[in-house]
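Both complexes shown next keep chain A, but they swap its partner, so chain B is in the first and chain C is in the second.
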Partner chain A sequence: MLIYTFRRLAEMILTLFIIATATFFLLAAVPGDPISDRVEKLPTQIRHNMYAKYGLNKPLLQRYVITMKGLAVGNFGESIIYPGQTVQSILHDKLPASARLGIQQMVLGITIGLGLGIIAAMKKNTWIDYSIITAAILLISIPHLIFGLLLQKMFAGNLGWFPVIGWPKGKDLWTGGWEYTILPTLTGCFAYIASYTRLLKTSMLDVVNQDYILTAESKGISKARVVLKHVLRNSMIPIITNLPMSIAMCITGSFFIERIFSIPGIGMYYVTSVNGRDLPLIMGQTVIISAIYVTVIFITDVLYTIVDPRIQIQGGRK
Partner chain B sequence: MCSKKLTATICAVLLIITSLLTACGSSESNQSSGQQPDKNQTLNLFFESPTTLDVNDVRNSSEFQILSQVQEGLVRTYTDKNGKEKTVPAGAKSWKITNGGTVYTFKLRNYKWSDGKEVTAQNYVDSVLRLLDPKKAFSYAFFAYDIKNAEKYYAGKAKAKDVGVKALDDKTLQFTLEKPTPQFNKKFGFVALFPIRLDVIKKGGETYATDYKAQVFSGPFVIKSWVKDNSLVLKKNPKYWDAKNVHLKTVNLKKVDETSTQASLFQSKQTDVIAAQQQYIKKWAGESKQGKIQYIHGNTPLTSYIVFNQKSGGTSGLLKNAKIRLALSLAINREDLVKLVFGRYRPAYGLIPNGIQVGNKDYRDDVAQPLKPLYDKYNGNKSELQELFKEGLKELGVKKRLSDITFTLITTGTDALSKSEQEYYQQEWEKNLGVKVKLNVLESKLFVAQRNANKYDLLLNGWFGDYNDPSTFTDMWTANNGFSKFFGFYSDKKYDAYYKKLDGVTDDAQREKIYAQLEDLLIAKDAGVAPIYYGDSQYFVQNYVKNISFPLFGTPIDFSRAYISGKE
Partner chain C sequence: MLWIQECANEGGITITQLLEVTNLSVSYHTYAGEVQSVRGISFDVKEGETLAIVGESGCGKSVTARSIMGLIKPPIGEIKLSSEIRYRGKNILTFTSKEWAYYRGGESSIIFQDALTALNPTMTIGDQITENIFAHEKISKKAAVERATGLLEQVGIPDASKKLKSYPHQLSGGMRQRVMIAIAFACNPKLLIADEPTTALDVTIQAQILDMIRSLQVKKNTSVMLITHDLGIVANIASRVIIMYSGRIVERGSSDDIFYHPKHPYTIALLRAIPKLTDKSKEKLYSIEGRPPDLLDPPKGCPFAARCPYCMNVCVEANPESFDFGLGHTASCWLHHSQAPKVEWSI
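What follows is the complex of A and B.
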């Protein structure tokens, strides 16, 4: 296990290095640089000085070395579009709102999704099953943007039950101001409901047809007990292995939902930094998100062995 | 909100606006006297979050909006109830212009920073020198180039002490210009020239520009809180020199990107001012007729153009010919465009939009639009237009049928409105001239690459003026200047010669005459560019908001003397 962990760690670092290098050169290959829009209209002398200020007049390889050196010590550099801000300061300011929203969406969505999944599996091939699955497919097909605007217009605009925009701040950041969070949470939770309903239903149906379930049923164990003790536990394998990925995704924010409800989250920064070719921000975000993902993949692999004893890690092989 | 296409094309070119939502400005303010202010003086507005609070580093309207309300420069500009701009002394008490228009001497008012220190003439001098510091690379450094030796200092060819800005004593500030420049009158109130405090900047360190707690303020309001890219709260500055005329106690500014969200906030009175959005103009204009809301509309210093590639003649190779360019320009029915496609704006047959002044007079009131007579003759007359085009072909020695000619139009707009606009031009040319037009819609950085590589015939562009004088629209058409690439490398020796005549002319009537010559040559005789429409500024304001201003330049909204009356 220890050797395995070390090997995976080395692989993770190599992966991150390759991702960072690829991102850097891909960005260099795309036309445009972070300040071209800003300097276009300016006199030549001012343009030269601005390129020099941001180091954009240096040769490509030299900039690559500077960038990678910075990454190695966790210094991603200052944003070019947002002066005085770094990846760290943006994450510090903006991640809490995105994370709270994501966690609320996930907790609500997965809870409802699993409940509906159980019902759909238990009542398979009945109208209940069909309507749950149809609704799930419908919900997952409606874009967040439309859903959010609809909820906002109905419940905040027409009925006035909730504020139209806003997000709790200060001491309410994590545990207060619930009225602000309800509509955005609802908007985002449907994706989880839809995917987890279908995931659990499929996986339960797989398990239900296994021999050991037949055995349990033939022993005369009550249906509820069979479901709780045997079916559900074994159906959880795909759910548990899906969960870390969901968590990684949920804290990285949603551009559309944050935009509709004016939530001070991180989602916007991914989009604007790429459109603006804001190299320090793009590199920093890419590396951090990649780091989260490779870690999550590692955790998922370990989780497999815990929930499914058939999978084992031995001497660096699995 | 102004069209997205505009945002895309103009932003690619213009520094002064990144968001037309907030950049449109101007118009009448509702100055109804005799109404008592309410007890609760709170104003709710939308805004674009500024990228910096450093006055020297301003980039676009989002910074102008905040900084103009929390700092005080030499003058302040309001709009009166007829939409005319009026500039009044602010940080300056009075000034005089001497030595043939080259020396400006300002007497400063006794006013203070929010930490209690007096604002001094040295604060202004420090600001100009810091703006011109080549190492800082501030984008508006060129705005100070009228000042003696400023450009040389920026290029490292002169010393700071040679720059024509001096503090004669604590309250007397003097600018010496390179040469008589009447436009400087319209420039010295600009945000980038506002006074600064070097000691505060030093103390604030690296994050000074974005840390509102590290700032000191000299304007009507101070910043109470700021969640970056989300919301900002202003409180009245009790130390402001004219505090008795500032009624608002709190101003809440929120960033709301989704236009439909903006609309529901305005309709439920949770926000007090909204820039007109295409899909709501009719509805809200109707409500304003019933007296439910105020509809404030006026000019904005923006002209949109179709640019002809005159460097290589374009991918078609035909655009070096003036007759062909003129035929393309005249083939577009501008009235239908603004009516059917935009539902707003004003057709353009000249270079300089309404609202731009020479001295204190509106240029467009005096000078007729040069393209209009030709347009009236040709537009709608297919055979004459085609004849004009064919004459051009003959001059070039090109023997092609009209239907064998293809022009490439490059642009950036991908939203529905931009698409309709692009297709409108395409149809007009195909219908009236019988030529083919290929639309090439590109991501903005790719658009720039394509343009710089000269791979186009036509492109959509626009110009948003920097200050209230025609020169902000005529400066960039001289041969081989830094802006040529945005305008298809137009060049004409006659234009350069007319332009030279402006040098040192201070008489407004004479200047106006030269501007008219330049405009006529560029738009009608050379058809060096095709003006399409002038922008406008349209705002809807709740009835209880009084005395709010929408200046043409700088800040989109000046609410420093606004008040709330009749909301309760």
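What follows is the complex of A and C.
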């Protein structure tokens, strides 16, 4: 297990290195440079100084080496469209809000989704099943932008239960200010509910038809035990496979929700950095998000071996 | 549940009929229509005996087994209302869920054909055995594990206490089937249904598995319903044999009756299909021409008529009644009618 972890760690670093390299050269391949439109009316000397400030006057390979060295020590450089702010300070300030929103959405959405999936599978071909699945398809079809506005109107505007916009700050960053987080979390969690309900139902119906479920039933154990002990665990593989995709979705997909509810998250920076060709910010975000992603994939690979003993870790001994 | 215990406690009277199946009809509803898998069969299983049900694929033998274990699931599967399956005198088709929980696994159990798919891949075999014990007895965890170890030793698995922690994929095919047997015998059932228990195994292991089922059966006085398509393995084991064809029983009798005095052309064809070592001729192995009838639309006459070398006009028109040859040997074939021509056959 230890050998495996180290091997995977090395692989993850290599992956990040390749991603960073690819991103760097792809951005460099785009014609023009990030600051030309901003500096073209300035005097020549100032323009030269600007280019020198961001290192854009240096040859490409030298810039690459400087960038990679910076990434290795966690120094992503200064943002171009937000002058005076380093990329790491932007990430440090903005990432927690997005992370909390994403985690809350996922935990709530996946929990409800799996619960409904079990009910739909158990009540297969009844009105309960049909209404759950119809609701799931409806929910997945409506953009969460519209959900957000409807929830704001209903619960914040008409009923006044929650604040319309805002987000917990300071010491409330992770554990307080729940009233602010409820509406955005609800808005985002519907997509998870819908996809996990359908995924688990399909997977469970497949498992229910396996012979070992007949064996379990022929032992005279209760229906609930058959579902919990035999059906559910064997239905988990597709769920785990889907998990990294959900996490990717929750990092990048909250842009609209963050805008609607004025949440100081990273979503907006992600979009503006690309529009403004803010090279350091794009690099920094890409590397951070990739790092989260490869870590999650590593965790899910370990989860596979826990859920299904037939899947074994290579290079490790039991 | 009381009724079962009462029956068991009636020491003075011996109850010989453990299971009585009367007019069992089972259909499956598919997109193509209603498949009449089992069409009105009746038989009984006596206490301690081995009854073999023999027939080719799709003849309804596994469906019969599943009906007895309550594994036919509506709305796709349907047991017709006229059917009765009496276990110790009580119709199991009217069981409450509590009675089912008592009956399944405790009073009766089943072994499936392929132990790889019949064992839960994500559960240790120890857990799968003790699960059956916990479902029927109030017993401490330690005692259950001890009993599971004992069961594994009885079915011939070496290093039993260690193997309890293995998963099914870590065992060989023969070992897996032994585990299935250990699960089936965990609560000393009165009735064991073995649904093609050796079909998926090597021939060398087949005999070991059958011997083991047999010795456990004698030790625990269990009735065994052996379901198979292989007449070859039946001869040494079963006291009585039922031959099924296309959802019906075509012949039944003692093992000797079936092997030495078969009365139905289908039984004779099955016996001929067993390859013989003494046969030195270079001819092809014997096979029965044609295919069994489509059970979506079963023929109104004898189901075997289309493949039968002795087929008469009446065979296509009407399903034959059952002719009795004494001592429980019956065959459903018009050839035994008083007006039918006499036919000579050899096996």
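Quick note on the criterion: the second predicted complex is superposed on the first by the 281 of 318 C-alpha atoms of A that agree within 3 Å, B and C clash if a C-alpha of one lies under 4 Å from a C-alpha of the other, contacts with A are read in each partner's own complex, and residues count from 1 in each chain.
Simple rule for what comes next: a contact is a pair of C-beta atoms (placed from the backbone, for glycine too) under 8 Å apart; a residue touches a chain by one contact, two chains touch by 3 or more.
This structure is a prediction, so every number in the text was calculated from the model and none was measured.
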Thinking of the overlay built on chain A, is A:Q210 touched by chain B (first), by chain C (second), by both, or by neither?
second
With the two structures laid over each other on chain A, which partner does A:F25 touch: chain B (first), chain C (second), both, or neither?
neither
May I ask you to decide whether A:K229 touches chain B, chain C, both, or neither, giving the answer as first, second, both or neither?
second
Of the two partner chains, chain B (first) and chain C (second), which one does A:G220 touch, if any: first, second, both, or neither?
second
Of chain B and chain C, the partner touching more residues of chain A is B
I'd like to know which partner A:W174 touches here: chain B for first, chain C for second, both or neither.
neither
Once the two structures are superposed, pull the chain A residues common to the chain B and chain C interfaces.
none
Please output the residues of chain A touching chain C within their complex, sorted ascending.
125, 210-212, 214-222, 229-230, 233-234, 307-310
Of all residues in chain C, which touch chain A in the complex?
66, 69-71, 75, 100-106, 109-110, 112, 114, 117-123, 131-132, 135-136, 167, 169, 180, 183
Chain A - residues contacting chain B, complex:
30-32, 36-46, 49-50, 52-53, 81-85, 93-94, 149, 152-153, 156-157, 160, 164-165, 167, 169, 259-264, 268, 275, 277
Would you pull the chain B residues touching chain A in the complex into a rising list?
11-15, 51-52, 54, 57, 59, 134-137, 139, 141-142, 145, 151, 154-155, 206-211, 227-231, 254-258, 260-261, 264-265, 267-268, 270, 444-446, 448-449, 482-483, 486
